[in-house]
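Quick heads-up: structures coming right below.
Paired with chain B in one complex and with chain C in the other, chain A is shared by the two complexes that follow.
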Partner chain A sequence: MDVLIQIVASGLTLGAMYAVATIGLSLVYGSLNMLNMAHGAILTLGGYICYAAIVHAGLHPALALLAAALVCALVGLLIYFSAALPLLRAENFETNIFIATIGIGSVIENLMLKGFGPYPIPQPLAVGGQVVIGNVHVPLQNVFILGVAIVLMVAVAILLQRTSTGRAIRATSMNREAAQLMGVRVGRVYAQVLALSGALAAVSGIMISSIATLTPVMGGDPMLKAFIVCVVAGLGNVYGAVIAAIALGLLEAATQYVLGVRWSFATLLLLVILVLIWRPYGLFGKQQVVRL
Partner chain B sequence: MKSVRRDILIGLVCLALAIALPIAMPGRYVITQSTLFFIWAIVVVQWNLVLGISGIFSLAQMALFATGAYATAMLGFYWKVPMLAAIPTAGVITVAVGMLIGLACLRLRGPYVALLTLAIAQVMYVLIVNDTDCFTTVGGCMPLFGGVRGIGQFGDIGLRALFPSKWYVAHYYVGLALLAVAVTISIVVIRGPLGLAFRALRDNPGYAMSRGISRFKYQLWIFAVSAFFTGIAGGFYAIHFRVVGPTVFSFSTLLFLIAMIVIGGLGSIWGPLLGAAVLMLADEGMRELSDYRNIGLGLLLAVFVIAWPNGLNGLNGWLQRSRASRD
Partner chain C sequence: MAEAALEIVDVSAGYAGRIVLDAIKLSARKGELTAIVGPNGHGKSTLLKAISGLVPVTSGEIRLAGSRIDRLRPDQIVERGVIQVPQGDLLFPAMTVHENLLMGAYANAGGLAERLDFVFALLPKLKERRNQTAGTLSGGERRMCGIGRGLMAGGEVLMLDEPSLGLAPIVIEQIYEVIFNLRREGRTILLVEENAERIAEHADMIHLLDNGRIAWSGLGAELMARPEIVETYLGV
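Let's look at the complex of A and B:
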């Protein structure tokens, strides 16, 4: 029983972090058909900005979180204007933006390496203490992360379902041309989505670094996992992504316990390979019929 | 026929220059760096067949390269297979792995293929690096795949023994010969009926398939063809450096090679070679500023994709067109 509580507690935390990282990726893919390979670097940047704001600028942690989200939203905008906008006009957008964001991600990552050094730094935004459930001590930090993630997910859901901006985003991801014909300013939607995705990446970067540590390369692993979640759920399916993220988080915690840490990532990847071969459009994705 | 003649001409000129290089610049550093260039050029030329010609967005090429290198090293280390037999065997093993990956990617398209192949490469890396159980204790504890430290002491093709002081020149010519064969194969594939089928499937899959071009058959073909020489290049890499470690999976190598293809010109015959040469030279130039190397690489990659998606090779075509319009 205690083991089960332990697995569920750490699995939910993992799942919540993945979900926040994934929503952004999924939104961007849904509306632009863009796989943002710079997402991991933006996520790391968020963690470092938060660290710098607290330690060097002496800001209040809440303000630091806001600052990190803002900076990363700006980076998202910058990627839109410098890469996505010019590439959207040319052919082969999906392939080219993938390669371009690999380049951008490498630039951001190495700039952080230059600025903050290669050594791991602890994230100052952390909550001490723990709660006891049964015989299991769950760190308050995990509860905090779960809380923030739920608040963020509810906020994103309200944004998507209840506001006109959200309606425009949903319309664009359903059918770009039709949305454009109905007067949705598609360019503005793209910019908003990329900025939102940057801000969400920043928050998830802060969460992840508060459990592990800050290093310039820490973004790669959560990004790959976020991609796995996206793919398992079906690229562009935001609600499916949240479910898949939490399921994968629980699965990861369980495999870590049963098979050992060594196999957890490999099991996840094996799962994604099988899912892709079995359902190439993802578990919750709709099969797209291509008319010629 | 004109374009084939031009390809042969360019190829022969490059080959002659490359043969003359060790005589003109006998420095050891230049020769070894050029050998490394040959190895990367082989991989890039084969990768271009998958990525550029058939338009399958596979990132598995470095995993295939690693398969070739590891297969060579393990055949030599565990079964004491002589290297001259181990390298071709590794090539065949790589073909099998490449075809498996091709099969797995068959139903996917575009970015899903990129993610799946990236995931496959990452699984291989994680499994090798996290493996700490001793498989053998000959000369200290070693995991099955060598773990973090990699595999060494698996033999040699004998050129070091044959030319004790000039072995690196011998390796240079071996690399050059392999590259020449790899480029010839790629020209044959691109200019021949296979290439026509690949391009048809890339440009209009529906029409191509309704004309009876089997996507299944040709996708497996392209993965098999490009895997073979990538595996051989991996084997040669293993022999040249005498050790194979998980660094071959590193993301910066992948970045370096994909930048070569993109900067040279995706889908062209000479573009990837040109890109490989330009980037190797640029890398030498940036050696002084080693910290900025990956920043420079990333910037180059992004700028080229955004501003010149056809790469340096496209620039050449643009020059020709503008000259033709002036005449």
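Let's look at the complex of A and C:
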């Protein structure tokens, strides 16, 4: 029983972090058909901004979190105006933006390397203490991460389901032309989605760095896992991504316990291969027809 | 004669350098039903897309109540009151019928409750299906939902692109009953239809579009009295 509690506690924490990292990626793909390869770098930037805001600027941790979200939202906007908007007007948008965001990610990473150095730094936004469930000691930091992730996911769900802006985002992702005919300014929707994705990435980066450490390249692993979650769920399916993230987090925790840490990533990749063979469009995705 | 709500003056438009519409000139008068008929692939849908700002106008002018709208973005054209119900509905399949109708009012949310009541009174099936996702509706219900969504926008001119396409005859009758009722209520309607016979009796003006040009314009009865035109262009 204790083992199960341990696996569920670790799995839910991992899943919550993956979910927050994935929502933004999925929203951007759903709306713009854009794989944002700078997502990992933005996530890392969020962690560093929070660190700098607390340690160097002396801000309250809550304000530091807000500052990180705001800066990363602005980076999202910058990506829209500097790369996505000009490339949207040209052919082969999906390939071009894929390459462009790899470049942008590399620039952000190198700026962080220059600014903060290559050595790991602990994230000061951390909650001490632990709760005891059965005989298992669960760090309060994990509970905090889970709580923040749930609040964020509920907030995003309310935004998408209950507000006019959210409906416009969903409408644009379902049918761009129809959304335009309803009076949706799709350019504005794209900018909003990239800003929201940036803010979510920042929170995700803070969460991840709070249980590991801050390094300029720390975004690579969570971004890869966020892509795995996206592919398993079906690219662009936000709600499917949340379910897949939690499930993959639990699977990873179970694999780490049963087979060892080195097998966890291999198991995730094996799962992706199986899902792609069984359902090439993902567990919650819709089959797409390509007209030639 | 009623004044023109929408004027298309010598408009040429097309895709990627290929001209589809060649110096089109027509107008939709206030409170009237103006129909555009013609064979498939001769520019009828492109004309509606050009009016909505989805296809660039290369020359000529489009005016709404005297003001040019051909340089505006699609969302600005909707805000001015030119609403299109596109061919094949283009509903948002994962949204409920209610959400689809709310999307119709996205650019003009004033008087939302009254407009919803109006749409549900005109299309009672939509009220029954309001919590059903649009992707699960039948063909006829989807078309009704598309028209309802267009009506939710309010607007000055309602443009309908082949609302009968692919539907069973009995459903087509229901759809056209709704459209003719809207005409009787004084809505300005610009209707694209392949089957001239279906609308000849009710249309205030019919324009025949052939190879991107207006080949003939007149009243419905006049068109049906010209069997050579009907046979050549419409294959009836």
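Heads up, the rule we're going with is that the second predicted complex is superposed on the first by the 289 of 292 C-alpha atoms of A that agree within 3 Å, B and C clash if a C-alpha of one lies under 4 Å from a C-alpha of the other, contacts with A are read in each partner's own complex, and residues count from 1 in each chain.
The criterion applied here is as follows: a residue touches a chain if its C-beta (ideal position, glycine included) is under 8 Å from a C-beta of that chain, and two chains touch if they have at least 3 such contacts.
Being a predicted model, the structure only gives us computed values, none of them experimental.
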item: First, second, both or neither for A:Ala266, with chain B first and chain C second; value: first
item: Which superposed partner A:Leu35 touches (first chain B, second chain C, both, neither); value: first
item: Which superposed partner A:Phe227 touches (first chain B, second chain C, both, neither); value: first
item: Chain B versus chain C as contact partner of A:Gly183, first or second or both or neither; value: second
item: Partner chain(s) touched by A:Glu94 [first = chain B, second = chain C, both, neither]; value: first
item: Partner chain(s) touched by A:His60 [first = chain B, second = chain C, both, neither]; value: neither
item: First (chain B), second (chain C), both or neither touched by A:Arg167; value: second
item: Residues of chain A touched, compared between chain B and chain C (which is higher); value: B
item: Contacts of A:Ile104 with chain B and chain C, given as first, second, both or neither; value: first
item: Chain A positions touched by chain B in one structure and by chain C in the second; value: none
item: Sites on chain B touched by chain A in the complex; value: 57, 104, 107-112, 114-116, 118-120, 122-123, 126-127, 130-131, 206-207, 251-252, 255, 258-259, 262, 291-292, 294-295, 297-303, 305-307, 309
item: Touching residues (chain side chain C, partner chain A) in the complex; value: 52-54, 73-75, 78-79, 83-84, 86, 90-95, 99, 102-104, 106-109, 149, 153
item: Chain C partner contacts - residues on chain A that touch it in the complex; value: 164, 167-168, 170-171, 174-175, 177-185
item: Residues on chain A engaged by chain B in the complex (per definition of touch); value: 29, 35, 82-83, 86-87, 90-92, 94-96, 98-107, 109-111, 113-114, 220, 224, 227-228, 231, 235, 261-262, 265-266, 269-270, 272-273, 276-277, 280, 290, 292
